[in-house]
Structure formats: C-alpha cells, structure tokens
Amino acid sequence: MTALLDSIGYSGWALHALIWLPVLGMGLVLAAEESKAKTVAFWWSLGVFVLSVGLWWAFDPTVGGMQMESTTPWISTWGVNYSLGIDGISLFMVMLTTFSTSIAILGSFNYIKERERAFYALMLLLEAAVVGVFVATDVFLFYVFFELTLVPMYFIVGIWGGERRIYAAIKFFLYTAFGSLLMLVAILYLFWKAKTMLGVATFAYADLLQVPLSGTEQLWLFSAFALAFSVKVPVFPLHTWLPDAHVEAPTPGSVILAAVLLKMGTYGFLRFLLPLFPVAAQHPTVVTTMLVLGVIGILYTAWVAAVQPDAKKLVAYTSVAHMGFVVLGVFALTVNGLQGGLVVMISHGISTGALFLLLGMLYERRHTRTIADFGGIARVAPWFATAFVITALASIGLPGTSGFVGEFLALMGAFETHPTLAFIATLGVIFAAYYMLPMVQTVFFNKLEKDENRQIEDLSGREMAIMAPLCALMIIIGWNPTPILERMEPSVRMVIERVEDAGVQAATSDDDLQVVVAPPGEVAPTVTSPTPGSGTPEDADTPTADGDE
Amino acid sequence: MTFLFYLFAGLAIGGAIGVVMAKNPVGSLLFMVTTLAAMAGTFVLLEAHFLAAIQIIVYAGAIMVLFLFVIMLLNLGHEYKADLRGGAFSVLSFGLIGAIAGLLAPEISGAEAAPGPGAVAIDAAIAEHGAVGAIAEPLYTTYVVPFEITGILLLVAIVGAIVLAKREV
Amino acid sequence: MQLDFSRQLHFFWALLPEIILCAWAMVVLITGVSGRFKDAENDGGDPSFNNAASLGWLALVGVLLAAMANGWLYGITEVGRDSMVAVDGFRLFSNWVFLLAAGLSILISFSYVYRQRLQAGEFYGLILLATAGMMFMAGARDLIVIFLGLEVMSIAVYALTAFNRRDRKSAEAGLKYFLLGAFATGFFLYGIALVYGATGSTNIAAVSRSVASGAATPTFLALGITFLTIGFGFKVSAVPFHMWTPDVYEGAPAPVTAFMSAAVKAAAFVAFLRVFMVGFDGAYETWYPILWWLAAITMVVANLIALVQSNVKRMLAYSSIAHAGYLLVAITASNETAAAGLLFYLLVYTVMNIGAFAIVIGVAHHAEERLQVEDYSGFGWSQPLLGVLLTIFLLSLAGFPGTGGFMGKIYLLQGAADAQLWYLSVILVLTTIASYWYYLRVAWFMWMKSELTERQHALVMVPLPMRVALVASVFIVLYLGFFPGSALEFARASVEGLGVMGAGVPGLGQ
Amino acid sequence: MVTEALVLSAILFVIGTFGVLIRRNAIIMFLCIELQLNAVNLSFVAFSRMFGIEGQLFVFFVMTVAAAEAAVGLAIIISIFRHYETVNVDSFNLLKW
Amino acid sequence: MATPLLALAQGGGQAAAEAGHYEPFLPGLVVLLPLLGFIVNGILALQHGRASADAVRRGEELDLGDASSRPATHTLPTWIGPGVMAAAFLIAVVNFARMYGVYLEEPVIVRYWTWIASGTFTVEAALQLDQLSMIMMLIITGVGFLIHVFSVGYMKEDPGYPRYFAYLNLFVFFMLVLVMGSSYALMFVGWEGVGLCSYLLIGYWFSDREKSDAGKKAFIVNRIGDVGFLIAMFLLFREFGTVDFVPVFAEAETLAYAGGLVTAITLFFFVGAIGKSAQIPLFVWLPDAMAGPTPVSALIHAATMVTAGVYLVARSSALFALAPLSSAVVAGIGVLTALFAATIALKQDDIKKVLAYSTVSQLGYMFVGVGVGAYAAGVFHLMTHAFFKALLFLGSGAVIHAMHEAYHSTHSHEDAQDMRNMGGLKAFMPITWVTMWIATLAIAGIWPFAGFFSKDEIIWYTAAFGGAENAPYPALYTVYWIIALAAAMLTAFYMTRMMVMTFHGENRTGAEESKALHEAPPVMWIPLAVLAVLSIFGGWINVPEELQASWVGLFGVLPASEWLHHWLEPITAQAHHIQEVNLGELSHYSPFGGGEVLWATISTVAAGIVVLASIRFVGGQKVVPVAQDEKKPTGFAKVLANKYYVDEFYDRFVVQPIVGASRFCWKIIDARIIDGAVNLVGMLSKGVGWGVSMFQTGTINTYAFILTVGVLAILGVTLL
C-alpha cells in the first residue's frame, strides 16, 4: 500500500486536494442534471474518501508533530499562511469527515427529493470546510474554515429541514457564531501579543505556541476559546441549539452535524485550548469546571434524552452525553483520557451518524419520528432492527463496540486524576441504557399494532451498503482499536507534555504565572506596558476614567 | 464702543428670540433681518467692515428675500397661529438647551480671548489693501482652492434647486 | 512630477480628478438639457440603451476619466505639508472608493431612472458633483476645504434624495435629510470656528502642531473637537446622530441610498479620520472616550433596532449605521493599522452594500414597492443567481469568512487590538452576532420560505449595467475575501504618508 | 470685546438650536439654522481679531454655503409642499420607526 | 470427529502429565466456535426474518407446524447451534484432559492481539487457561450443549428458531470470554456481553410487551452492577497500572490488609457481582427474566451467567481475602439473599418463578461460600447448582411445553406455567417427574445428591470462618450460619411444594386438555437424564476429607476426596495464604458444638424431614386451578406472594423519581431555564430594538432633539 502511494507521489498535496476536490465536485454537481446530481455527488465524495484513506498509510505513526505540512503565504500583510498539515489528532477527524460525507450523501438519496443539486453542492462545500478545519495549521485559516462550516449547514438545515427548520437553523448559526466570534477576538489578541512579543506578525499555530502569556491572559484567552469550542461540542449548558438543529435537520445534515461538526469543538480543545494555554488549562478551577460540566453533560442529558418523545431528539441529546465523555477525557489531562476522548469522538461519529441515518430511513418510511408511533418493527424489518440494535449498543458503549473503548479510556484517564468526578461520570453508563433501550424497545419490539408499521420495508440494498461499513467499523474498532490508538498517541503525548511542562514552569517560576491562582478579573500588570494606561484589557477600555479629566 | 456692542447684542438676541417665537413666518423673517442687521453692527465693531456690508447685502438682502419669496409663494404669510411645540417637548427642549448653554457659556467666557496679533495684522492689511483688498488678497492666493470649490457649490445648489423646484418634468 | 503649491497651476494638477469630475458633470448636465436627451420618459425600450441611459454611460466615462487622473496622481510627489490639498495615498485610496461607489451607483441607477422617469442629466450630474465633493473632503488638509467639500457633497445628495418628485417619501426624506443635515452643519461649522479659535489655524497640519505643542487653548479645542465630532457623527450616522438615516435611506431613491450609504459615509469617515488622527492626535485623551462611547452605542443600538425591521431598505439603513459603529472603532483606535483597516473596510463596504442595493432595486420593481422581507420569499429559487449574489453580499455585510467583509472586520479588529481596545472589540463581535440575525433573515426568506408566484419574481429587472455592477461587486467581494493580500497591502501603504500618528498615545507605536 | 462677542455668538447659536427643536414650520426651522450659521460667523469674526484675516474669509465662505443651502433647502420645501400642502413637519411622518 | 479428538486429549493429557506442564489445545476455537455459530445462525435468522416479515405484511404467520415444510433457514440451526457447542465442549474436554493431573501453578495465557494499547494502559486480547476457567469452560460448554439440545425440541415450532440459536450461541461466546479472558477488561467484555444476550433472550418474544420490558429491566439492572465493575477496574488501574489478572494478583499483597483501597476495589467488584448474580438489592430482574424461553432460563439464569458474580469473586480471591470487610459483606448479602428469596419462593405459583427465586437463593449460598473464604466451595456449589438447577428448569420447560401444547390443542388461554393448573403430571410425564425429583432432592441438600455436598460445605465453612483465630466479626458468622441453615430448610420446603403441586395429586389442567398432555420427546428428555445423573454424582468429586470416612462419604466408598479443592488449589492458594497470615488457621468449629458429621447429619435429616412433611402438608392442601381460584392471599402470605413489594418499592422510590427528575430536567431546566434564557436574550434584543426604534417618530423635531441630547452628552463628557 505504501508503495502504491509512493508511486502516485502521495504527499502533502493530498491535503489540499481533500479541501479543493469537494469544491470542484460542488461545481460538477451544480453543472449536472438535477436527477444525476446525487450520483455525481456520491461518487465524487467516495473518491475523496478513497483519497483520504491514503493518509492512513502515508501517515508516520511514530511522529507526534505535524506531518505532510505545506505552507503558502496567503495574506502576507498579516502573516497569514495557507498552511496545512495533519497529526495523529486530525488524521482521524479528516478520515471521519470524508467517510461520513460519503455515507451521508448516500443516505440522503431518498430523503432529499427537491432541489437536489443545491443540496449536494452544499454537502460538498461543507465537507471542504470541515476538512479545512481539521488540516489547517494556521489559526487564521482555521478560523476561516471554522466559520465557513456554518453557512452550508445553515442552509442545509434551513432549506431541507423539518417544520421549525428556520428557528433551528438560525439558533444553530447564532449560537455557534456567538462563541466563535469571541474566539476571534482572542485570536487577535494572540496575534497582537505575538506581534509585540516576538516581533513578527503571524497566525501560524507553531508560532503562536511560542507566545509568552501571563496567567491572567491565559485565563481570559482560554475562556474565549473554550466558549467557542464548548458551544460547538456542545458542553452543558450551551447545548440547547443541538436538539433543535438535529431534529429539524434533514438526515444527512444530522449525520454530518453529529459525526463531524461537533468534533470541531473537541478537536479545538485538543489542538488549541490545551497547547496554547497550558497554564490555564490545568488551573484547578478551570479543570474542575470543565470536568463538572462534562459530567453534568453526561448525566443530565442522559436523563433529558430518556424522556424525549421524539426519537431524533433523543439521539440528539445523547450526542451531548457522548461529548461529555470527550470533555471528561480531555480535561483529565492524561494520555489515556485524551486518547479515550478521541476514540469517543470517532465512535460517536460513526454510531450517532448511523443512528441518525437509521432514524432517517424510518422517517422516509413512516413520516414520523415519534417513538410511540412505532412498535414491533423488528418483525417486518429484521435487518433494520439488527442494524439499529448494533448501532444503539455501540452508542451506549457495550464492550466489543467502538463506544466502549472510548468511554473506557476516557473514564480511566479521568479516574487517574479526578476519581470522584470520574466515579459520577461512570454512572452515565447506566443512564445510557436508561435512555437507549426503551427507545429501541418501543420502536422495534413490542406488539406490531399499527397497520402503517406493518408495511414498513426492510433495508434496501443501498441502505445495507450504508449500514454495513458503519456497523463493521463499530465492531472492528471495538475489538481492535490499537491501530488507531497508536497513531494518535505521539500527538496526544505532545499535547500532554506541553501542558505538563507549562505546569512545572508555572510551579517553579515566580513571575505572574502565579496570578493564575488569583480570581479572574484582577488587574495584573503585563510585560508590555511601556506607557501607563496600556496593559491589560481591563483598564485600556475604561474611557470614563480618562473622560473625567 | 462697549455700549454699542451691548446694544447690538441686545438687538441680536431679541431678534433671535423673536425668530423663534414669532407666530407669523413673515414676522420671524423680519426678526431675523433685525438680528442680521445687529450682527452687522457687531461686525463693524470688530473691525470687519467689508463683512458687515456683505452681511446686509447678501444675507439680509438676498437670502432673506429668498425666504420671503418662498413664504409668499407657499402662501404661508397668513398664518397667525404659533406652531411652537407644546408641553413636555418644549420643556425638555428648554431644559436641554439651557443645559447646553450652561455648559457653553462659562467655558467660552472663561477662556482667554483677547485681541491678539490678528487685530494688528488685519489693521495692517486694511491699511495696505483697503477693506476689500484685505480679504481679496488671501482669497485669491492662499484660499483659491476653497474659493473655487465655492463655485462648484453654487453650481450644485443651482442644479439642485432647479431640479427640485421645477413644476413638472 | 513634483508639485509646488506656491504655484497656483499646481493646484490644478493636484485636483485633477475633482476638476475632471466637475467638468464632466457639466458636460452631462448640458447634454441632458440639450434637446436630444431631454425626453427620458417616452423613449421606452431597453433601459440599458435609451436616451437617459446614454447619459448614464456618459457619466461613467467621466468617472473613468477621473479614475485615470487619480491613477496618474500616484506619480506625483508633493512638497510641504501645510498645503490645502493633500496628494497622498490616503486621499487617492479614498478617491478609488468614491469613484467605485459612484460608478457602481450609476450602473445600478439605469433601471431606476428608467422606471421612475427621472431627469437623467441632473441625476448623473449631481452624482458626479457629489463625488467631487467627497474627493475634496478626502484630499483636504484644511478644515474649510473639508467643510466646503462636505457641503458640495451634502447639497448634491440632499437634492438627489428628494430627486424623485413623484414620490412623497422621497420629498419627505429630502426634507428630513436637509433640515437635520443643515442643523448638524451648524454644529460642524461651530466646531471649525472653535478649533480655529483654539489653534489659530484651520490647516490640519498646523492644528496638529499646535495641539501637540500644547499651544492650543484647551477650552476651545475641547469644544471644537466636540462639535466636530457631532458634525462628523451626523454624516457617518453615529448614534445618537443617526436619526435621519433610516428615514432618509428608506425614502430616497434606492440607487441614491446605495450611493449615500457607501460613498457619503466613506467620505465623512475619511475626513473624520484625517482630522482626528492627524489634526487632533495630540488631544487623543480628550476625544477617545467620546468616540469609544459613540462607537459602542452605535454598534449596539443600530444592530438592535435592525433586528425588528421588516423593510429591507430600512434594515440596510440600520445596517449601515451599525457599520458606522464598526468604523468608529477604527477611528477610536487611531493608529496606522486602524486607518488602513478603515480604508479597506470602506472599499469592501462600498462594494457589498451597493451590491445588496442593486438587488433590492431589481426586486423593487416600478416604484418603491416590494421592499418588505416577505417579498423575498422564495426569491432565491426563482432567481437563483441573484439569490446567491444577495446571499453573498449579506454574508459579507455580516462579516463572514470567504468574503471581503470578513477581512475588513479582521483588519478593524487588528487596529483595535493594536490600541488594546479589547472591550470595544468584544462589543463589536457581540453586536455582529445580532447582525447575523437580520442579514440571515433575508437569506431565510429567500431560500427557506415558500415561493411566491413565478410571475412576481419574473418582474425582477436586471438590465445589463446592473449586471455589470453585480458581477463587479461580487467579484470584488469574493476576491477581497479570498485574496485580500494586495488590497490590504495597498491600504496599509496608503496610510503611511498620512502624517504624525501614534505619538504619545497609549497603546500605539508598537 | 472678543470674549463678549464669543459669548454672544454662543447665545445666538443656542437660541437657533432651540428654534430648530421647538418650531414645526420647516421654513422657520431652516431660518433658525441660518441663525446658527450666523452665530458661527460672529465667532469667526471674533477669532479673526486674534489670529488674522482668515477668520473673516471663512465668514465669506459660510455665507456662500448658507446661500447654497437656502437655494436647495427652499427648493426641497417647495417640493414637499406640493405633496403635502403644508410645511408643518409633523405631517411628514410617512417614514418612521 | 469425536474419536480423534479424544485421542488427542488422551495423548496430550498423558504427555502433559508426564512433562508436568500443560499444552493448551486450540482454546481460541472454543470461543470462536460459538461465535461462528452466532454469525451463521444470525444470517440465517435474518433471512428467515425477511421471509416471515413478508408473511407479516400479508397479515399471515409463517406456518412452521409441519416439519417437512420448514425452510432451510429453520432447519439448519438445529445442527449448527448444538453442533458448535458439541465441538466446543469436546475441545474443552481435550483441554481439561491435558490439564488434568498437571499441577499448574501459573495460568497459561494465550495471546492473540493487543486489544487496547493507549499510553500507560495496555490490555491484550488473550485467553487465560487455568483450573478455574477450565471448570467454568466445562460447565458452560457441557451444560450449554445439553440445553442447546433440549432447545431443539422445545423451540422447534417457534418462528424465531434461528434467531434463538444465534442468541444462544452468542451468549456462550460471551460467557466463554468472561471466564477465559486474561484480564478484568476482557472479563468485562464477556460480562456485558452476556448481559446483552440475556437482554435479547429475555425479550426474545419481543412482541409481548411484558417480556420486552423484562429484558430491558435485566439489562439496566445489570448495568448498575457493571458500573461497580468498571469502577473497581479503574481503581485497580490507578493502583497497579494494569487490569491483567496475573500482574494484579502478583502485586495484590502490596495493598494493606483490610485497607481502604482494597476494600473499595472488592466492594465495587461485588457491586458488579450483585448485579449479575441477582443479589439483594439488585435481584429484581431475575424473576422477571423468566419471561425468556425456559431453556434460556436454564442456561443463563440458572447455570451460567448468574454465577458469573461468584466466578468473579472466586477469581479475585486474592483481593477479597485482603478485605475482610468486603468478604463479610459478600457473605452477608449472600446469606440474606438466600433467606429472602427462599421466603418469596414459598408463595409463588408460577413454576418458573419458584425456580427463579430458588436460583437467587442458591446464588446467595454461593456468595456465602466465597464470602467466607471457601472459594472452592463456592465454585463447587456453582457447579452442582448448574447441574440440578439446569435440570429443574429444563424439567419445568418440559412441563410447560406439555401444558402449552395441551392448552394449544383446545385454544385455551390458560396459564401454562401456573402450578395451580397442573397437578398429577407424573402420570403423563414420568421421566420428567423422576429427573426433577432427583434435582429437587439435590437442591434440598439430601444426601447423597450433589447439592448436599456443596451446600453443606458452605454452611460448614461459614461456621468455621467465624471460629478462626482472628476472625473479624465472629458473632456475625454465627448469625450467617443460622440463617443459612434456616434457608436450607425453606429450600427443601418450597421445592417439595413445587414438585407436589406440579406432579402429584389431582390433575387440574382440565378434562379436555389433559388428553393432550404427554411426555417430552427424546431430544428433550435425554438432556434431562444426563443432568439427572450429574445431579446425583456431581457432588461426589468433592467429599470433604474429614468426612470421607464417615457415613457421609459412605465410609470411604465415595471417591475423590476434595478433588475440586485440590484442583482449584493454585487459584485459591494465594487467598488461603493471606487468610492464614491474617486470620490464622481455620478451626474445625461449630457454633453450638458438635462435629462436622453431626451437623451434616442434622442438616440432611432435617431437610429430609422437611421434604416428607411438606409432601404431606402440601399434598393435603386443596389447590384450585387459576380460573377458579378467587382466594387472594392475606397477611404475610400476601407480602410474600407480592415479593415483599420490592418491585413496587423500586418503582416508587427509584424509577419514578428518576423519570420525574428527567422530565423536570427536560421541561423545566432545559426548555424553560436554559433555552428560555437563550430565547430571552433574543427576545430582549428584539424588545430593546423595538423600544429604541420608538424614538424614530418620523418627526424632525424629535430627531433634532435627540441629536441635541447627543450634543449635551458629549459636552458633558468633555467638559465635566
């Protein structure tokens, strides 16, 4: 395989291709006939996926840093580069994206019945943007892609969604934009800091890592970044956009939303939050807060999910619970926790994506999502029921499925550092069964009472082709996650080491890194305040003080 | 001198108040002319003789007549009821204006503003070029650009006025 | 060529673009009143190539000539800083913006002029003259020239606002604009007088020196700055001096609104920036809190009110107020980055705003009808290209990545960052979120609501010139969104020769 | 006397402003604006006693501007009168909120 | 096929015994075969499901009544299901033969691949072969095979036949992973996996809502226990950095004796065991689990899965021995459960419910065994219980099968499981009657049946443990001992009651129906017979050495004194060592004096008397069929019949509050507070926008006024 890749010169260009091929495909789809659009889109996205599979072998699992890097100056005035690269963290996110997109497109053949060209074009645009998020190594570029993902999703939800689609779309849009725009200010602060401290205008991730930040600054910037990513994840209590968006979105939209868009948040945690602000990231209050929110996310949303009458909303809430495990794993700040978090991300992408696809298929057949409308479907659709049960089990983390590996490692990692919280989080395992099984039961088991349900068809060939790889992946990852884990580990270790090093420095030095312990909001002199009145953001902007003179 | 100044000032202020309070638009206009004339007087006292003349000729003579012309054209000269805003609005406005005046007056009166070198330079220029020449000289040299722009301005005004006031296209 | 302003002829060269525009305006006027082109109403046919349209094309030639002159001025160097007219990158860049705005506005006027049977000669002539006034403002190094330029521009725009004499809304808008504009002019003029009283000069360089040296009378200076702020604040429609904006924008003919919201605002901002950042640099402490609050209130109020607008023109009016708020941040920041950001943003704003208005004009066929958001229901699907374009313009106005609006906003924020205006930056982005709502609202009506009948949307009129304008706008918006590098560099270079800035001001000079 | 002139100017300016605020008649409002401009002129003349002839020059320009504004302004008033048959600004509220 | 395998076993075994080491024989295949069976059966089931789905859509049912017309998807599993089990059993036997005679001190670990390797945590996909897992393998595959065979007869007319075998195979696969996995993590895979299969099989007839509910309940309750397991694992990992058995036990003694950590670990493990083995307070799912097909109850809810908790404690004996408190809790919960469930069983009328509570009760005994350090005894009881309880369940299955067919023949909807509808069945099904009596005597602890030896040993050890030199809570163990004895008597009573009600007296099935009653077919009664043999002789492998010479050991005739103890010695040695060091030698102690022989005699005689007395007592009671039974139990009997209202208690105080809280979270916190806050921000923004836009009156004076306000404000800022 490696030889094959070498023979076609597979290298950094592949990353560019993964971004731009979907854009090209978007053009092709728009140019195609309305009836052919879906076929074109599917094969094109499949091609993109195949291309991304090459990364698996081209990736060097022994290296922790960025690989396959390439940099082109983009906006030289600001030191912005169009620079891409992947590491063990982004590799799987990229592959998950390309995979999910193909699957989602294939899964929307029957669901999307009007304005197909526009739909598939937006799907491909979304794919490009999401891949961009995961491979960008320039913070500015990252931000651009991060925001760009909103637009296609906004339209996908808003145009092809359900009854309250507009409300959901706008809520999704504003909620996520709210976080990311504050992050933008934080990014510009970093940029400004880099400019003043390092003397270069740069947005490069690697450069921004070098920016010395005081403890207070770290806390502020951390908060801004964390807010942006937490909305995306979403972390309790910033999650209420998600059920609406998921429920109203068309199936493929939900799939992409669950499979990859949420991952952008947790990816941001790993890529930016921890490495850029290591001192803040291990501030006890911060860590405890995030962990507590993660735990609340796990338990609370599990409860909320359990009483949902709408199957899709139920699954949407479970997403929050799953992402709670990721948050827990990440802020455990241990290798196991981070790796677990990453595996949960992958697993959640596959299993929740599959659940949404299946619910979509049900919706195509029955035009309802209310759990109580179903019953006994396993009798008329055994393959369907089987696929659903496998997926549901992967979702609740049954050992032998991908869900278990992730949750197990995440909890284990959390247990190493925060046993009490991890203990509470483990209870989520119970509530996973509490929300998922009644739904499975009511939909697929019980008596086949309604005549409409009697006529439900089993999986078609196309649907089997969708579910087969998904189910296979759930089980394969469940039994042999090591190839994935070993590719992630060096990168994860780098993150952890960076956090730990910063912790050691903070503990040994007596500069204002110690301020970390002080409550946020206190004024701390910064290193660069040659003139009075500059300095921290707090006092630079209080004109009344000046205006009184 | 001082007496004259205060006389003119009193006239100007009285006229101004008349402008604001007069019931009939024509009355307002006449009060305005009074004010303008009184200000021309203060101009004279401030050694701006040419401007004083212009003030009477152009302002009181031309512009105010234009106003009068429009008032007559629109047949507003018969109105004898005040269109002052009443009630809370005028009270608020009064308070607001009072506050602004209360802020402005002490600031301006408290500032050092004595006749400086400018007075001497003006006297010298008038001595050299005469009252008109003293203004004309810089107008056509240093301030030639704004002067030319004034021309454009008038062109714009003419075009605008014609286009808007024309009865029907 | 080197200019020496001791020779009067050199003023001619220095003002060549303005002079060309004024002269060309007269040509257009004369052509307009000449018999052949007089009859705009019953020549019928294609709005792109009728009698009235010929005047439009003629005016465009003037814009083009002025643009050539403007380009030619890049080869010119000047001597001395106390001249009345600046020949620097800042002015020339601004001129590009005005000319672009004028050109695009003319292009989108064709169908409006045709449908409303306006007097084309006067219409286009006044646009050219207004543009000339703006250019005077941008190039002025003297408060009096700024004032006169402002008046040339304003009076032309008053006339343009009230231009559609069949429409009482237009007349009403004209009156409101005029009365309030004149009212604000009074304050502005008082400000000039007080600055003159404080510093003994109206020349910005001289004022700057006087202010920096501390020779200026503080009371007069403070009052002068206050009143100038009010004057400029009115023109850029900063809250609370914005009250005229929505009414006037709604009432004025749509192309004029486009022109106004882009070019007039740009001119005011350019002059604002030059006066405050160069002239009153030394008094930064005095005016920075005022502008800080002005910017903050403007952003907040405008964006909040825009949320409840259902008339698209009015919504765009509030949006333009909001953008004024963003631009005020740049002036508050008062450093080179911010200045460059302001220029860049003006460029982007001009293009995207006029682009959006172009489609509004296209949809609002006949008179000023069909301006409600509801009228856009299903518009995207019946006119996909226009729908996409409007979406792009709206996204750009919202400041979304991939569009010039985003880059502009980033540049403004960078300027704010350099001045460490963090709170203001946060207010900016938070209000931006509110703005997403009303921009996307149009998008949702366009794409997500059920369609109106085909017939209704078939009435959308997009003649050739408007298409040109749309293509140009969207190209520029996207180009600046994806490859802003050269334009940014250009903007940055343009502010280099602006003058003393950042000295003794906190947060500057790094 | 310069100071007194400035104070007078300020007073007139404020009265003009007051007039704009409380009159309903568009022409009178405009007249009040003219009053403001005149007040400023007085300032210019006063300041010219301090700094030189430029102050008087500015008055010259201001008068021109006032004339131009008067022309266009009155034209607009005529124009609107044709629509509304009144110059009472309270009537002009087609555009609001 | 079997012959060469046996040859392999013999050859390997002999060679191994001579060399003193053990050569594993295809252990992976033991696990893999059921998995393969699952996959093949599963695909068959799905195809079969398609066919029946088509029928359902047409509004029909697949006709499976006629054996010749059954499709291949229905007939193939008959061979695949039991087939893979037979093969697996044979391989297990081969392995056993090879291990037999070898004193294997260290377990043999067969590694396949690295399952999870992350940072500091590594766990291999590896099977561990040692004496304990070997015993479990034999029980699972052996009893499993028999039950598979029985199922062929029992389920043959069920439309979901292939699916049934798929689940059953999958269950065996997971059960084998559970007992053969070389680490807690792998054990957990099996642990949850069997839970899953239990869920699927309980809800096998998923069209019946109650059965479906029962499956769900089993899964969720099991998961509660699983959390304990998980947490124990995390604690182990925190301490040792691994969850593999070998290194954990090697390091175990670094933990402080009776320390907090080891107590916590073991208690959490025990929480897992409670869930899986249906002990107080998590036993509620097991009686409901009887909703599954009866062979499933036999295999999963009697013989294998529910004993996983006992296996877990036995496996972790080194840890439990270090935690006397935990051990006391284990034994205490065990003994309480034994008594509690036995009392409930007294008043149950459903034959399977009686057996279910009996299972809970017997599991309690096993926990008493492992709780008092008699790990081998616990495992011993596990094994004998597997024999006789499987037999009882299968027997009841045969009865239900017959009853069902009887009612089916008249289209009656009477309850085929209620003993009040039975009676006098011995005439119709003699083989079942005999075999079930054997099992009843075994469970009642009558000498020389299997149950006597295992149960007696546990009871005796309970006393002995309390008598140890440094016994932590000696008085407590005396109490345990008394309760255990009492529960044994209750067992004898309710089992006899069940037998009498089912087989003796008048037949109450109904005149018409009774004509259709008949003995089970051979495919069903042969497994019964095999199990009956095991229930008789199964206990003889572990006759206590001290008693071998007494009548209990038939004066030395019974073979293999304490064979199982010796066999498990390598597993339990560490625990016994720890016990000896900390508690001292276990004395031969009885709370009220008397020797072991005496107490053994007392217990078996007492049990015998109870059995005889109950035959008379129950036989003398008038039992009326369900249809005519209007007498509702009163007083304490009512409490017993309603299972102490435990389900109701849970529903009221656990389930309802959680559901209520969930609704509260959703409707109030999520929708009102959080989302309300979000929407409020939006509405506030709009409201403020609307409010501010009210200044936009359209009047120029207002505009000028506001402008002037701005002037004043700025003047104020600059000048003041």
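When the chains are written out, they are named A, B, C, D and E in that same order, and each has its own residue count from 1.
By definition in this document, a residue touches a chain if its C-beta (ideal position, glycine included) is under 8 Å from a C-beta of that chain, and two chains touch if they have at least 3 such contacts.
Given the structure is predicted, the values throughout are model-derived calculations rather than measurements.
**Student:** Among the other chains, which touch subunit B and subunit D together?
**Tutor:** Touches both subunit B and subunit D: C, E.
**Student:** Which other chains touch subunit C while also touching subunit D?
**Tutor:** Of all the chains present, those in contact with both subunit C and subunit D are B, E.
**Student:** I need the chain pair with the most C-beta contacts, please.
**Tutor:** Here the largest contact count links B-D.
**Student:** Quick check on this structure: which chain has its C-alpha centroid closest to the centroid of all protein C-alpha atoms?
**Tutor:** So the chain nearest the centre of the shown protein is A.
**Student:** Of all chains present, which has the mean Cα position farthest from that of subunit E?
**Tutor:** B
**Student:** Quick one: subunit A and subunit D, Cα centre-to-centre, how many Å?
**Tutor:** 62
**Student:** With chain centres defined as C-alpha means, what is the inter-centre distance between subunit B and subunit C in Å?
**Tutor:** Centre-to-centre distance between subunit B and subunit C: 31 Å.
**Student:** Report the inter-chain centroid distance for subunit A and subunit E in whole angstrom, where each centroid is the mean of the CA atoms.
**Tutor:** Once rounded, the distance between the two centres reads 40 Å.
**Student:** Measure off the straight-line distance from the CA centroid of subunit A to the CA centroid of subunit B, and report it in whole Å.
**Tutor:** 68
**Student:** Two-or-more-chain contact residues of subunit B, please, as numbers and ranges.
**Tutor:** Those would be 85, 89, 93, 96-97, 100, 104, 107-108, 111, 113, 118, 143, 146, 150, 153, 156-157, 160-164.
**Student:** Residues of subunit C touching 2+ other chains?
**Tutor:** 144, 148, 151, 155, 158-159, 162, 165, 174-176, 179, 183, 187, 197, 200, 222-223, 246-247, 289-290, 293, 437
**Student:** If you look at subunit A, which of its residues touch at least two other chains?
**Tutor:** As it turns out, subunit A has residues touching two or more other chains at 174, 547.
**Student:** Hey, which chains are touching each other here?
**Tutor:** Once each pair is checked, the touching ones are A-C, A-E, B-C, B-D, B-E, C-D, C-E, D-E.
**Student:** Across the complex, what residues on subunit B touch subunit E?
**Tutor:** Against subunit E, the touching part of subunit B is residues 85, 89, 92-93, 96-97, 99-100, 103-104, 107.
**Student:** Which residues, counting only subunit E, touch subunit D once they are in their complex?
**Tutor:** For this pair, the touching residues of subunit E are 693-694, 696-701, 704-705, 708.
**Student:** Please give the residue numbers of subunit D that touch subunit B in the complex, ascending.
**Tutor:** Interface residues on the subunit D side: 1-8, 10-19, 21-25, 27-28, 30-32, 34-35, 38, 41-42, 45-57, 59-61, 63-72, 74-79, 81, 87-88.
**Student:** Would you mind writing out the residues of subunit C in touch with subunit B in their complex?
**Tutor:** Per the touch definition, subunit C meets subunit B at residues 8, 11, 15, 22, 26, 29, 40-41, 84-85, 117, 119, 122, 125-126, 129-130, 132-133, 136, 142, 144-145, 148-149, 151-152, 155-156, 158-159, 162-163, 165, 174, 197, 200, 217, 219-220, 222-223.
**Student:** Touching residues of subunit D toward subunit E in the complex: what are they?
**Tutor:** Interface residues on the subunit D side: 17, 20-24, 26, 29, 89-90, 92-97.
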